[in-house]
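As structure tokens, the structure follows; a few thoughts come after it.
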Amino acid sequence: MNEFLAVLMDGLIYSSWLFVIALGLTLIYGVMKILNMAHGSFYALGAYAAASMVGYWLNHGHAPMASYGILVLAAVLVGLIAGPLIERGLLRFMYGRDEMVLLLVTYALFLILEDVIKLIWGVDPYFIPEPYSLLGTMDIASLTYPYYSFILIGVAVLAGGAVALVLQYTRQGKLLLAVIHDREVSLAMGINVSRFYLVTFTVGTALAAIGGALTAPTVSVVPGMGVEVIVLAFAVVVIGGLGSLEGAALGALIVGLVRSAAVHYLPQVELFCIYSVMALVLIFRPKGLFAAAEVRKI
Amino acid sequence: MAVILNTKGLRKSFGAVTAAAGISIAVEEDSVVGLIGTNGAGKTTFVNMVTGYLKPDAGDIIFKDRDITELHPRDITRLGICRSFQIPQLYDSLSVFENLVIALGIRDRNVHGSVFSRTFKLVPAANPLVVAAAEQSMQRFGLLEYRERAARLLPEGVRKLLDIAMALISEPEVLILDEPTSGVSADEKFAIMDMVMDAVRSHGCTVMFVEHDMDIVTRYAPRVVAFYEGRILADGKAADVLSDEQVQSYVIGGLRALQTGASDISHA
Amino acid sequence: MTHTDKTPFVLLAALVVLLALGPFLPKSLFLLTMSLGKGLVVLGLVVLLRTGLVSFGQGLYYCVGAYAVGSLSQFASVKNAVLLLLAGTLVTAILATILGFLLANYRGIFFAMLTLALSMIVYGLLVKTSTLGSTDGFNVPPASLLGKVISGQSNQYPMFALACIVAFVAAVLTNSYLWTALGQLSSAIRDNEIRVEYMGASVRNAVHTKYVLAGALAGLGGAVTALAIGHIDPEMAYWTTSGEFVFVAILGGTGSVIAPFLGSIIFEFIRTYAYQYSPNTWQLVLGAALLLLIIFLPAGLWSVFARLRRRT
Amino acid sequence: MQRNASRIIRVLAFTFCLILVLTLAATPGAAQQPVKVGVVTFLSGAAAGPFGVPAKQAAEVMVEALNAGGKVPGYPAKGLNGAPIELVFVDEAGGTTKQVTEYRNLAQRVDLVIGYISSGDCLAVAPVADELKKLTIFFDCGTPRVFEDASYKYLFRTGATSTMDNVAAAMYVVDTKPGLKKIAGINQNYSWGQDSWNDFVATMKVLKPNVQVATAQWPQLLSGQYGAEISALLSSGADVVHSSFWGGDMEAFVLQAVPRGLFKKSTVVLTCGETGMYKLGNEIPDGTIIGARGPFDMYAPDTALNRWFRKAYMDKFGGVPPSYPSYKMAQALLGLKSAWEKAKAKSPGDADKVIASFEHLTFEGPGGKVTMGLGKGHQAVQGMVFGTVKHEGGKVTYVNVKHYPADKVTPPEGVKAEDWIKSGFKK
């Protein structure tokens, strides 16, 4: 029983972590039809920015509690700087090109960013362990969990909820849905599509960065930390159905729970359980769980 | 005359919408039938069911004493029912010539021998017979001048012609045309229909065409079937059907209103 | 689609030139051999790309082909190079036929992702197989041809020559396949599957055949690479490997069966420079080079040649 | 046809020039003097921080001092027997396929190669070294398979194999915690992790046959998220948790496991812990068992050479002490220097003489005496050291440090490590 509870807890924490990252990915794909290979690099950027800003803050003996705010601040900054820079400076010249070409552009971007990060922060690891243990721990199922893990869950729920609400209830959100549904028609209707692209990409970037920033206190921030994340996020988004919000949520949950179950009951298969799930889902739901079936008029 | 294609009580509904509520039509060999009706009357649904794109909820489709209700479009095509499309279905990145050559390539594979006995021998573009056939077809439909132009760059009227030309490549026994003249300027429409009809007569086949344009219908269709809300309102000699006052009020009235906007429909 | 196709002549001429040039470029022979090996994989991808399909899992066949060669020569001590290459190709062809039944239904991103997942599963299985050296992989003993050892030699020429000939044969066969009615269906399927079905051809079968062809070519490429390098490991099935192949395919362009090899050669050389002259920022150089290519040569490197030809 | 021919020729001419140009550019001629040494370590990716860069920096420090001459205690002569050393660095990232290619390119530009941290790269490069007859020295990679599966003429490894890490680790655990009943492991799911765990468990089974394995966790390399694994370890109730994690993974594991009390519940053995100690030392609780893959860093003997090396390194790199990869790189260079000068080699042309004197060589490194004792005199053997972390006055210290002499923790010539362990360490 305890073990089962542990599986749930670990799964939930891992899922929230995944969801925050996957959310940005699915958003960008849904709106811009770009499967962003550089998403992992934004995750890494977020982690590095957070690590150095919080590091600076703590080294100067400021209140550690504020470091949580700084984590998020760092991520938002990354989003606000990197997002527009890349969308305006590069991607917008690529719109209308084939999806695969855009995929490659982002792949090139990923290569470049890997080294840019190295040039800015070097190869030595960065640590900011304080925020992780600062809030203390609680015991669940005779296991100790830091409260920080629950912050992660909270952030995931918040982020998901916020995006959902914006899409459902604000005018801008409805317009965005229109853009998602049909770019041409939206253009014809006089919607400022390019602005939506800019905003979406910035938000997506910021979300990836937040994922990274919130992970920073729990890991050693090192080069290449974004690489593994990309394919994980892809898996989540594909399982859920590309561009689908609830899909990303469910995908993250499935991946998270399956992985933690594997770790607890069958550690040998951890390496490929995620891909097996992805394959299985695609076999039975060729377009993912939340795919909108489109009928072609002839 | 012998009935070549016979549909019995075809039903199809999409959720709450009933697109076909028991459509039964018997088509004689070498006849020409016009299908009329407002948008959403169920014409295209009917065509899609006959050609296997949609599976009817109920009813049978008999082609030459053979039940083809459950068959895929490709099998139905191989049996000899071909169609053109309301929105031309072309290989947009390829030239007119290439479109036809590919069509011929498939035709030859289906008509003569298995995939493997043929494909590895046959290089359509290099095969004089194929090239000749393609040029004859372009000749017939006045496509020669567009020979090397990519399909996506063609004017709507020409796209329609190419679409029909490709349907005829497989030498069908039944040809179904879905709004052959929609989206075509008024002065072109008769020219197009003449070309089509010449082509058809030249190798003799049964024709069914969906049409909004009453001038076309009266001129080319001896027999007319009028659809309304998924049912057949009237079926018979063109004159009788078109003068039927139900048809007059429900169908033609609706269509007249549409006439001007007809071209937009094809883009929808 | 011109009515007569000169590609075979160009290929033949290229083969002659390469074979004649080989002895004078001892220092690049290995790199060229590798490029040709990977070019074969990319050639398979091009067949798929023409059909509008992108596989992010060609690494699977690349790896399986290589492991087939490795295992045969290591455990069954088969030493004949040609035999090994054929084995690698055959094994992957069979595997692709089986997986094809599943994959032939998929398109676009989902095809890409499912192929990716499958190859990652194979990667995982290999990592777990300690008898095959897990991630360290194992070394492939030198293979021989006509009683002469040709791989794992300081003299690279024989292996290079073999690679050239294999690549030539594969390219010519693929090219002639692309010209057949079935081959021609590629662009038709990419443009409009509905019409293909309404012409009476089975899209599913066509896609399946192409997938098998691509798989077999990837297997052959893996086999060549295994012989050339003399070492194999699961990394060959990792998604980044497959991603690189897609990359090279786009780089070269899908205009001709020559493009993949051209793209592959240029890619390998760009990367080697980046490695040698900016060891700390080679990824940046590589990424930048690829961006420039995508921006200025959207149709791939091949478009340069196409233009070169059109001018006459 | 005439026009086709001309087109074909044009196209080919283009390809030809292309290949020619690329080739010429790709192969700059190698100089005679000084001795060019290619150094291959990770300059990018996850292994750059903990291993690649410290090793690169050590190479720079050593070569600077050696070329100046008279600075390195015990090695008075300039460079290599007078000839200055020139370093050419290459990134080891990118997988074995790329590394074999890069090795072949490098071999054309340098006189000899020192490098390779990844065992996969070592296995792949080994046969090529003999094929190209290029003197090559592996300084770090751990897999015993290199000289177990084959023997090479031009290849040497101045670092001991990973076998001793885990054999010694098991011995140390048994020595320090005689009462242990359950062990658990968390190792990265690739060769390094698998080999380490298997050696550790195999040794345990010999030393304490009734010890049971509570759980063995196999997270993916670089996964960075160990929440579930840590829960599994916590609930496994193991007395000892073995981990061969390195670099970022090791550090992430510590950062996530410490707050959750794993280090309190069980004794954690980090066989590669040393690389993280300088920055992470204060996070690592007392009682944690730390390995340095040999007598390096804090376990290094207090010799003139070691004192000089630490000082020189810290002076050059802002007070950061050298970690074990730095030591192993220094060791490789000094091994080369010893062999070179023993052979009185004048130029790279004398490679065969160098090789002859390198075999079965014994030389002094900053980590103490190194003997090329295995693999027909091509594979170094060294003693192994383990110690336990204890914080004193805000500084990290190591208590009950135990040394395990080479012959206790490495198999005899011609015996495979795993067979040797299973045999109960027969000599």
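Letters A, B, C and D mark the chains as written, and numbering starts fresh at 1 in each.
By our rule, a residue touches a chain if its C-beta (ideal position, glycine included) is under 8 Å from a C-beta of that chain, and two chains touch if they have at least 3 such contacts.
Everything quoted here is computed from the prediction, not taken from an experiment.
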Most central chain, Cα average position: C
From chain D, the most remote chain by mean C-alpha position: B
Centre-to-centre distance between chain D and chain A (centres being mean Cα positions), rounded to whole Å: 35
Chain A-chain B separation of Cα centroids, rounded to whole Å: 49
For chain B paired with chain C, centre-to-centre distance based on mean C-alpha positions, whole Å: 43
Multi-partner residues of chain A (at least 2 other chains): 114-115, 118, 227, 268, 271, 298
Chain C: positions in contact with at least two other chains: 127-128, 194, 280, 282-283
Chain D residues counted as touching two or more neighbouring chains: 43-44, 189
Contacting residues of chain A [partner chain C, same complex]: 35, 90, 93-94, 97, 99-101, 104-105, 107-112, 114-116, 118-119, 227, 231, 234-235, 238, 242, 268, 271-272, 275-276, 278-279, 282-283, 286-288, 296, 298
For the chain B and chain C complex, residues of the former touching the latter: 51, 53, 72-75, 77-78, 82-83, 89-95, 97-98, 101-103, 105-110, 115, 118-120, 122-126, 131, 166-167, 169-170
Contact set on chain C toward chain D in their complex: 6, 9-10, 13-14, 17, 21, 25, 27-28, 30-32, 34, 127-128, 130, 133-139, 152-154, 225, 229-231, 233, 235-236, 238, 241, 262, 265-266, 268-269, 271-273, 275-276, 279-280, 282-283, 305, 308-309, 312
Interface residues, chain C side, partner chain A - complex: 49, 54, 102, 105-106, 108-110, 113-114, 116-118, 120-121, 123-125, 127-128, 194, 239-240, 243, 246-247, 250, 280-284, 286-288, 290-291, 294-295, 298
Parts of chain D lying in touch with chain A, wherever the complex brings them together: 43-46, 48-50, 52-53, 189, 215-220, 222-225, 227-229, 231-232, 234-235, 247-248, 251-252, 255-256, 258-261, 276, 279-280, 283
